[in-house]
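Both complexes shown next keep chain A, but they swap its partner, so chain B is in the first and chain C is in the second.
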Partner chain A sequence: MMQSSISDWLTIILRRDLIIAFRRSSTYITPLIFFLIVVTFFPLALGPQESLLSSLAPGVIWIAALLASLLAVETIFSEDFRDGTLDDFFISLEPSFILVFAKVLIHWLITGLPILIASMIAALVLYLPFESFIPMIFSLLLGTSFMSLLGALGAALSLGRSAILSAIIVLPFSIPTLLMGTSVISSSLINQDFSGYLMIMGAMLAIGIPGLCLLTVEALLLNYE
Partner chain B sequence: MNKIWNFIKRWFIEMGSPPLFYKWSSKILPWLSIVSILILGVGLYWGMFYAPTDYKQGDVYRILFIHVPSAILGQSIFMFMAICGFINMIWRAKISGMMLKSAAPIGASFTLLALVTGSIWGKPTWGTWWVWDARLTSTLILFFIYAALIGLHSTIEDKTKADRAVSILSIVGIAIIPVIKKSVDWWQTLHQPSTFTITSSPSMSPDMYQPLLICVIGFYLFFALLLTLNLRNEVLEREKNKNWVRQLFGGLS
Partner chain C sequence: MLPNLKVENLSSVRSEKVIFDNINFEVMPGQNIEIIGSNGSGKTTLLRTILGLINQDKGQILWLDDNDNYNKFRTFDCFYQGHQLGIKNLLTVYENLQLTKNSIGMPQEEIYKLLERVGLSNINDFAANLSVGQRKRIAVARWLLKEFKVYLIDEPFSALDDKATLLIEDLIKELNAKGCSFIITGHRPSNILASRMEI
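Let's turn to the complex of A and B:
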């Protein structure tokens, strides 16, 4: 009984938020376009040499992905906070952990997933070898999910305040993700074993889902005292 | 046993009450300032004038007596802040939040001091102001995290809320700092062979080690002094409308 009510709760929030997101296309288009624009800037700034770009590609793709996933961070809670939906969620007796988890999932679906797809285009135009595509996608899959978790915490802490604040809060903490993510791709470029980095990223995600979601709940509750 | 436990409990509760802390700290403040400045002075004087000259680096190495303690302090203060954060989250002790807030700028300053002295030390010995070495990079990131904590605190109007927000972030920080250190280590070994190692002297001569140890103790005491001073200001600032503060300064109650 309890089991089904929690999953019902999860699907209700997911459905509601997905509908809202899809009715307003800018929510998932903007991070995507932003990602592609940032990627485009690097060849323009550094010159179009193939050897240079392919060696820089892991870093470029990752920096663009981090920035793009930060872009939409503010929207995770702010809308619901402003119109009072968040209050309703907290008043209802359903676990707030599930709420935060659903919000993180939504954020990943509207930023992480489009970035994941766009990263293949980015990898093509930056001359990343085809062998590195699969490691890149896996690293982005784990990394952007962790970024969504961190972003949710940043958004909760800076709720109702400037968007730049959440970026400053989140960016220093995203450094391990950046390093591991780029290491995965660069190791695959020189035919080294990269599974270790992926495992660490997976471990961070596994600890982050309960840990960061709980802390995000705490941070959200700060606004209701 | 029960008696001791009760004593410890009472001591903690007394520590956590701002007026009692203020009274208690006024008593130890003179002692703390004398002892800390004395030990810091002895350590620095010993290090600067009596410790032997390094046979490879000459007198330049003496910056170590400032650089190493401040780097140690930068990390220890973060640990201290995370402990304060835990206490603040769990027991909501008022003073722990104030401690967290007062320790942050001190920790950031020590980390910055470690970075700057390291940079000054690096120029004559390595020939460059900055190297993307694992340790330097992780210290720089630690500084950014301090900046994030201070920035977050300053944007939230309500001080107790700000304390709790910073507590949450400091807990995330203490969990992620080891990961950052490890990942920077791996990153560094992947990208470039380590050209320089800072800690290549495994056996430091005791003539250098002893003053360094005294400097480290002196820095810790100096931190305790700075923290107490900062905390007393913070207590007065936040409790300025309370009776005990008004009475203390002879205002109307």
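Let's turn to the complex of A and C:
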């Protein structure tokens, strides 16, 4: 039999969890629908004034994306913990934080990526100029990835407890991402340089990948004590 | 021949309650240890402590490495099966066996053979529709994906009919003959050849 490597195991986890996520369609449909509902309610409530909606668009898109990405946070580890699959992560000789990273990546693929795609519809609904589409996509790409990392930590800390607890843990820590994300789109609206904000978001993600994955491993281990 | 695992004076205390105290045993290749105890006696905690999922309070757990030295860390993979069997409800019987770390690189035919061996023919059924006994058979098929030096199995004979019990006994004998050892737990002694200890 072939000697298995960490990359083979990562592939297996990704494949297995994506199959499960697609069979339980609510996992990716609920955040997507929630995001679109929040965004489309603003023009209905405020009226179709182009200037008002486009000035509100950065905040609306980002708040909707942030809340939508938190909807499926609880599911990151809960099922694996309940059915005993999570034990394999810690019994294995492979580094657990890499396996935690795989779970974060899956969460992003089933919530962050659909939100990213739907954000283009949101941008059209809110009259966001085409010039702001690219900055919006880049800010959401970095921001939703960081939110998945934060969400994993919240999910690990609230494992086996109420689902709302993970959102309460995560929301205060998501404020810097929200501020940076909205600043990127707002700056692009007034033709200002937004690269600095994107760099800060990129730096947060670069530190967050190893740092938050390691913290998540420690938080998960607390549940075994 | 050296034991693959030595457990020396192992103790665990949770919330000032002694879960188990001064546990000593050695796991020789091809031999089994059976831990007998009632519900809540600490059998699962003992298995999890041995695997490092729970910190021990006293004593030491020593694992043999390739150079015949004993270490506090493990250098080989063990197989652990807890009360929750690690079965995914939204995967089919076949996928539950195929999408695991230990089946990497294993041809499809071999997975079919393993499922046949444990008496599972409904390979395309979702695990959610299976009985406890059938789910346990999937878990047992996983024992055969790879030969592990030490298997730690929590209550392998619970919720099984006589046929499935015999199947597990045969598989344990077969794996023992290949040098694999089992640490199993249960409420009463089983029919397998093992050193028994009560906690």
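As a convention for this text, the second predicted complex is superposed on the first by the 221 of 225 C-alpha atoms of A that agree within 3 Å, B and C clash if a C-alpha of one lies under 4 Å from a C-alpha of the other, contacts with A are read in each partner's own complex, and residues count from 1 in each chain.
One rule holds in what follows: a residue touches a chain if its C-beta (ideal position, glycine included) is under 8 Å from a C-beta of that chain, and two chains touch if they have at least 3 such contacts.
Bear in mind that the values here come from a model prediction, so they are computed numbers and not experimental data.
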item: Chain B versus chain C as contact partner of A:Ala206, first or second or both or neither; value: neither
item: Touching partner for A:Ile37 - first (chain B), second (chain C), both, neither; value: neither
item: Partner chain in contact with A:Ile117 - chain B first, chain C second, else both or neither; value: neither
item: Partner chain(s) touched by A:Leu93 [first = chain B, second = chain C, both, neither]; value: second
item: Contacts of A:Asp83 with chain B and chain C, given as first, second, both or neither; value: second
item: Which of chain B and chain C A:Arg24 touches, first, second, both or neither; value: second
item: Partner chain(s) touched by A:Glu225 [first = chain B, second = chain C, both, neither]; value: both
item: Chain B versus chain C as contact partner of A:Asp8, first or second or both or neither; value: second
item: First, second, both or neither for A:Ser162, with chain B first and chain C second; value: first
item: Shared chain A contacts, counted only where both chain B and chain C touch the same residue; value: 225
item: Complex contact set, residues of chain B against chain A; value: 89, 141, 144-145, 147-148, 151-152, 155-156, 161, 164-165, 168-169, 171-173, 175-176, 179-180, 183-184, 186-187, 190-191
item: Complex contact set, residues of chain C against chain A; value: 48, 51-55, 74-78, 80, 82-91, 95, 99-102, 104-106, 146
item: Chain C-touching residues of chain A, taken from the complex the two chains share; value: 1-4, 8-9, 12, 15-16, 19-20, 23-24, 79, 82-85, 87-88, 90-93, 221, 224-225
item: Chain A to chain B touching residues, read off their complex; value: 153, 157-158, 161-162, 165, 168-169, 171-173, 175-176, 179-180, 182-183, 186-187, 197, 200, 204, 207, 211-212, 215, 218-219, 222, 225
